[in-house]
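This report concerns only the one structure given below.
Chain IDs A, B and C follow the sequence of writing; residue 1 opens each chain.
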Amino acid sequence: MANIELRGVSKQFGDVKVIKNVSLTVEDNEFVVFVGPSGCGKSTLLRLIAGLEDLTKGEIHIDNARIDHLAPAARGLAMVFQSYALYPHFTVAQNMGYALRVAKEDKASIDKKVRAAADILQLTDYLDRKPKALSGGQRQRVAIGRAIVRNPKVFLFDEPLSNLDAKLRVAMRIELTKLHRTLNATMVYVTHDQVEAMTMADKIVVLRDGMVEQIGAPLDLYNAPDNRFVAGFIGSPAMNFFAGKVEGFVEGGIEISLTEGAPLTFPCTGSGLSIGDAVDFGVRPEHFCIGQGADGTLKGEVYAVERLGGETYLYLSSSSQKELVVHMSGDHQVAVGDHVEIGFSIAQSHLFGPDGQSVR
Amino acid sequence: MDDSEYTRAKRRRARNLKLWLAFLLAPPAAILIIFVFLPMASAVVYSLYDWNGLVRKEFIGLDNFADILFNPNKNVILFNAFGNNVKVFVTLMIVQNGIALVLALLLARNPRGFRFYQVVFFLPVILSTVIIGFQWKMFLNPIFGLVNKALHYAGLSEWALPWLGLPETALPSMLLVNSWHWFGFPTLVFLAAIHRIPKDFIEAARLDGASEWRIAREIIWPLIAPAVTIIVVLTFIGSFNWFEIPYIMNGLEGSPQGSTDMLGLLFYRTAFGSVSAGGSDFGSGSALAVLMFIFIFIFSIIATKYLTSREVEMS
Amino acid sequence: MKNHLTKAVIAATALSIAAPAFAQTELSFWSWRQEDVAAYGEIIAAFEAENPEISVTYTAHEAKAYNTILTTALAGGSGPDIIHTRAYGSLENISSAGYLEPLDGQVDLSLLSADELLGTTLRADGHVYAVPFASQTVVVYYNMDIFDAQGITAPDTWDEFLAVSQQLKDAGITPLANGTADGWTVEIMSGAFMPNFYGSEFFGDVTSGATTFEDPRYVTALGKMAELAPFMPVGFEGVDYATMKALFNSGAAAMFVGGSWEINGFREAGVNIGMMPGPSAEAGSERMVATWMDGGYAVNAASENKEAALAFIRFTATTPFAQMLTDKLNNIAAVDGAMSSNPDLQQVANFHSAATPYIMLVAFRFDKPTGSSLLQDGLQQLMTGSKTAEEVAADVTAGIAAAE
């Protein structure tokens, strides 16, 4: 249906630069998620695409046509708001058909389109109700229905699930993914929840302080984060980081020492590091194992355990690390106060230079 | 034993709360009864008697009401005044509140100088009606007044009229003055109501392609219904109790030729008398006051009921 | 009759003298004359000097609210011992309610004429309830400096008046300062011009019911008023009392039709005023001024110090009091015998040799609608040309016939 291209987009509110020179492409039919901590500019970026904010600099193209000068309605987009923004004085059907009424479509055609959308979203029984009489999930669906009815080139979602409870959120996540397949549409989705991003996205854009930190498929970001921020942001619980120091260089790698445990050799090509540089060594909680590791072993005392049956979380503190999280599948008989050894392998670990960039 | 201690404590708490509420509510209720309900009740009683000036004579039932409503010598004056009050209400609704709504819609878009406009628009509201009445009476003076001088300078001498002296222009002039005095109030009420509408509604409508006019009419207008209710009812009450501006600007007689006569002026003249219009008649005056009260009360309730039914909760 | 009265008064006075001296009696005295506080202070001091056992406290209320304040107090059973009342309809309002002490028989009213007493007599019972204090007279003021500069002398006849007005207008001067925004000022204007057309008999005829306001004499007089419109200020419909005074004081207008109470104000504003009665209909015909009583002094019937209050009222009916009123307040005292050293006042007093009652105030302000409000509306319409003299006369007649 449509691709979107952002070229050097910047946005400034007064003296505050909210978006700093962002360039990215959303391919046709792609489900792209903007993710980042609050205040990173992800919603602003979405609103710039929607036309609810004006660009300070840069260009936005949809289907290779520049659209950043157009009024919101002229851009062929539909947006689902976090608050759903359902008009309280309209019924569900009136809410869904409003854009078509504004566009002066005839009644029969509006009715058909509204019913079709209601059908997809299982809202047919609620068409005559006012939003007040709907549950949170139903309102959410009406908001999506309002977007679908317009048959837009691009769907924009601004944190649409954050007002739902956990269970409903999971259900809607799946429903939205399904919808994306059914509608075969380009979707841009903003969330602060990396789980939503990981589960729904074809492509994730990680933002921080108005800048793109990394763009890629969910598992690419998980497996090969470009920098320490992305590494820490993607994955739950977050990656454990250990402070280290560059000790020397060997063929095909560098030698680093951690505050604790034996020195390691981390394989890489052309790191740009020099001896004595401070580095961060990262291991995801799920990549630790109990006992001796293939490439290294750490010791710690358990101060909290979460045993969920299917998986177990250990919270340790060691001499060098105040907090260390280990995630294992299955049930493990570990108790608070136990001293345990945990091991890791170099292959499933990450190294970040003093500038925060990945060393590969 | 434990249980009874529990229930006693609970009851004590409930009683304390009730005492506090009574303590806080009783004084305003007493003031209301003494200064509002009692005078109202006494006006009803007064209206049922024949009066010689201020001396109460015999009980005459509803004769005073019949007299002011059906006596052809008196009811022409009453109906003329009532008609003028209706004109006041309609005009203020359109001019004063209409301008206020437009300004509120503009201000809601957060233009440059928003604070400045907000303060400037509200400024006349805080001025005393007496001052405004006098000031505009001077502005509208046919010879020395600012308005006609400005018209002369603008080369519009034929437009320079004795504004307050002609039956055609006196009331409209006063209504403009009143609008000038008060428009800041509805503007502020509307603006607050518009600000209460979540921004998302407007943005969603904008994305839906609605024009600014459509947004104002179909989204904002229904959603500021509670503010509209308040303003309509207040304007209604204010219009039918309108007194200060006509009194200050053209006097007690509704000059010229009754064109600015209002129920309030008529009441005052009837009850207390005036130099030109004659002595006081408390009976007819009280009857008129009672009729005004009943009319305003009933219509305010009907209007409130009707207008409230269009209100929707935003959530 | 008069003799009896005098005897009664003397007897009463003798009685009071014979009685043991009053203990110090304090009398309250209410008025709307805030501008006269100082003068009344002196007058009261003179009274107290002769009546050391009585002291009087003068309180002046805001003029517009005075009627309301007074009637409310009286209705509540309180109020002052001595009341400064207005006359005619306003007086009837409180006297008919029984708030006032009848004075005839208790006070020597021999220095007042029947016409003067008309203002303070209750028509229903024929008793006099107040001692009239001053009369007001409608005159035409003119700015002598302007007249001199234009080489104009004061006109005598209506035609001369119109000619003079035209001459002033041609010279760029507004002939008449009067406007119609305040209805009562139009009525005053009619008081200056109309009597000389409807004549001295009309008042008696119309009040006795022998004729109505549709009488040709009155219609003719009304028609003359309409002829003045061109000589009034531009936009006279919106010219109120304050603007009228400003126009005349500043010399923008050459003439001002007003009551005799204006003299002080014009003198203080430095206008070199001359005064004349309204012009005669034609050369040699009568040239009258309209007059009325401004008010009077009355005793609260509920007063606990009625005797002392009556003593003060008796004092107000004497020539020395009238002289003080004349000297200190520049009033034209109702009580006879005072001579004014003020030439203006003396001139107005001289006009009284040909006087006629100010018709609506004197005779038609008792019922509603009042003749005044009917005439004021009618004159406004007449002057703006929206009604003819015949229509206005018919309106006034119908209104008065329906009044109750």
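Before moving on, here are some points about what is shown:
The working rule: a contact is a pair of C-beta atoms (placed from the backbone, for glycine too) under 8 Å apart; a residue touches a chain by one contact, two chains touch by 3 or more.
All values reported here derive from a predicted model rather than from experimental measurement.
For the pair chain A and chain C, chains touching both partners: B.
In terms of C-beta pairs in contact, the better-connected of the chain pairs B-C and A-B is B-C. The greatest centre-to-centre distance from chain B, using averaged C-alpha positions, is reached by A.
Distance from the chain A centre to the chain C centre is 93 Å, each centre being the mean of its Cα atoms. Look at where the CA atoms of chain B average out and do the same for chain C: the two points lie 39 Å apart.
The distance from the centre of chain A to the centre of chain B, with each centre set as the mean of the Cα atoms, comes to 56 Å. Across the interface of their complex, chain A is touched by residues 198, 200-201, 203-211, 214, 219, 222-223, 312-315 of chain B. Those residues of chain C lying in contact with chain B across their complex are 67-68, 71-72, 74-75, 89-90, 92-94, 96-98, 179-184, 187, 233-240, 243, 246-247, 252, 365-370, 372-373, 376-377, 380-381, 384, 386, 399, 402-404.
Of all residues in chain A, only 50-52, 71-74, 77-79, 81-85, 87-89, 98-99, 102-103, 130, 132, 146, 150 touch chain B in the complex they form.
Those residues of chain B lying in contact with chain C across their complex are 52-55, 72-74, 77, 137, 140-144, 148, 160-167, 250-251, 253, 255-258, 272-273, 275-281.
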